[in-house]
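Notes to accompany the following structure.
A, B and C are the chain letters, set down in written order, and residue numbers restart from 1 in every chain.
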């Protein structure tokens, strides 16, 4: 009884128009030659050229990229460990506190997380800069990673690990040779999630950053507070395009793999 | 031994960078504002001995919290945050449910693409998505241009920098959070249940009310919490789209901290916000728990 | 020269490979294995049979080393296994889910255990090829587990667990995931491979037919106890309890009281019915409660009263189950008991002699039934 009635078609059309129209307009007007953003005055790519010569934006992008790579890597390692603890470690003293600390940052307002970390860094006399932003990002991203990885671990067939032990693996080599390769897709998507969270974050970075460590969202923020600017439109277009290409590629690859797998499974039954 | 270190490393990390910072916020919320760096008193210094530590605790008080109740800016901000978060959650539900319903009833081969289209905005920058509405809603924006050109209005509508813009911003940015849980509940719905309901004499509409809605209840609840909780502490949307009259507690906290440099009051604001959030967070966790148990 | 019969359990000089000595396993308050002692001998094909939750899987996991006994000892070739972790045991396991590593090819799956032993490369290759040949998987070596059929996966799992030439191979419901037809073929293949490799097999199953087919001895389990451990023939023909008689195969069990006569017993099972007679070695006093278990194929069915048999009762046909090669009749006695009987269908359907509601006679000899104490 799956069917596209007029109601469903209308809901989907309007829904996706609502979701995408603002971004489409943003992209379209990034090619506007006028400085007045909302008045169309002909096609131009000059804002992209100006963007490439804007040292402040390029510096901020470089800072953001470094922060994102380092913090998401730390977050992935810590988050995977935390997921193992949540799913595998059984009971230990303070387990409730631990799982609370994993889930709380997911729903914590960013202003509170940012404020509390800033007060900590000041309290222990840590100079604020790239390092403190990395610490902050790694901390809240690890919680997201651990949620992603632990939901994969929860459905992981434990007998695979037992088989590895049975065939002579130590605990550690069983994890390295069997568990990790199998949960790798979840760990990778955890990393990607942590990476985008770090790229996106404005509030926590604003609290925890210091001189010389202006991230791209902070830079964008100070620009957009003054209103719409064609350069920001160009920058947004670039960022949206990168994400869109990434997500579309990923979903095409996933789709192709699953189709191939289905075909192979069908073929296997017939042999 | 290995198990212990596996537990200890993430545990200590979270203790140091999540729990301890909170305790610090709590402590500072009980301190007094001072014209010093850092701008609060008393400062705890264990090197100075027992007497100092006793003094330290003696100086902590609820003065900042009393201050929050006397200055109506704060309690108005809390009320207005709750109000904005509540209504925008309802609007998001009204917009999101039909989309999720349409997705769940779309042909099988469409669904992965539709799913990807809902997730895609989630991966794109939040800040950019909010920013994209400035160009639409401003007085010279695309919306006013369109409405003026078709003659629907003669004066530009003033939407940007009002609460309306904040509502639109929240609905827009949090829409995927509402769609996804409802969609996953609706997708699992066995269509033969609806056929059975119609067979037993329901019209399409009553079948929807009596079967589809109750069975997607958990998705609706999850979606509402996923919108309400972050919307309550939202900072970016009211700052960019809201006006000077838009009061939201996230914005107040930010301004208290960065503009007024009143750290103790900012901390007190944060503590109260947390206390308000605890209720929905616990309700949300309980709903998730119940669903996990129901799924077996 | 006659071939020696394989019955190490009857040879007092034979040393058992595995010894369970007063093994108890508790999970919290739940007693999974209750103080059990038994032996398994080298080259045996030993089946642990029972319903789910009877403790058979727990016994197997203790052998593999994934669970430790709460009390008691398990010895492998005379050595206590308790301190040896699973990865150091000369015991391998074939998992119910097969637990094939999805990211590794068939070849790599089979080589996995050998690589852990740091075996030189040429030896690994030779051994894997040998295993592929044994399980007829040569042409699938490069495939991943999802690219082969269920039956082939089962054989990969077997090859992988046999590759390390374990002293003992544990098989957890090895055929549970296969369909009925494939299961039968695979049972014979398993027996064949067990014989070729000379490995001791311990199989866990809830399928009594499977246990009877493959095993040299079957241990029937119930609530953490081994009720009877014996050859399939003795389990079937000489069950030591109502539980075993009922669990294995089809059976009619009549409850009654015994009185000794002629080196056997008369069993009074119902008011107004003649006493049944059965030869038995068990000691029962007069009037003791007892059960008579009779297999359906041991009961003859006839229209007229048969002459010169030890037991004959009359009843009417309640149900007929036509199974092709045989038919099963449920015959109700005037006193309410239902007795099951089977006949081979040597005639075509159209000429069958009995139908519903027919009055028939059932008869069996005095050695056909097994007398069990109540």
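By definition in this document, a residue touches a chain if its C-beta (ideal position, glycine included) is under 8 Å from a C-beta of that chain, and two chains touch if they have at least 3 such contacts.
In this text the structure is predicted, and so the values were computed from the model without any measurement.
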item	value
Furthest chain, CA centroid comparison against chain A	C
A-C compared against A-B, more contacting pairs	A-B
Distance between the centres, which are taken as Cα means, of chain C and chain B, whole angstrom	61
Centroid distance [mean C-alpha coordinates] between chain C and chain A, Å	55
Intercentroid distance (Cα basis), chain B paired with chain A, Å	18
Of all residues in chain A, those that touch chain B in their complex	1-5, 7-9, 11-12, 15-16, 18-20, 22-23, 25-26, 29, 36-39, 78-79, 81-82, 84-85, 89, 92, 94, 97-98, 101-105, 107-112, 115-117, 119-120, 122-123, 135-136, 139, 142, 146, 171-172, 196, 199-200, 202-203, 207, 217, 220-221, 224-225, 227-228, 232-233, 236, 239-240, 243-244, 246-248, 251, 255
Interface residues, chain A side, partner chain C - complex	157, 159-160, 162-170, 173, 177-178, 181-182, 261, 264-265, 267-269, 271
Chain B to chain A touching residues, read off their complex	2-3, 6-7, 9-11, 13-15, 17-22, 24-25, 28, 38, 95-96, 98-99, 101-103, 105-108, 112, 114, 116-121, 123-129, 131-136, 138, 140-142, 145, 172, 175, 191-192, 194-195, 229-230, 232-236, 239-240, 250, 253-254, 257, 263, 266-267, 270, 273-274, 277, 281, 284-285
Footprint of chain A on chain C - complex, ascending	64-66, 85-88, 91-93, 95-97, 99, 101-103, 112-113, 116-117, 143-144, 146-150, 152, 160-161, 164
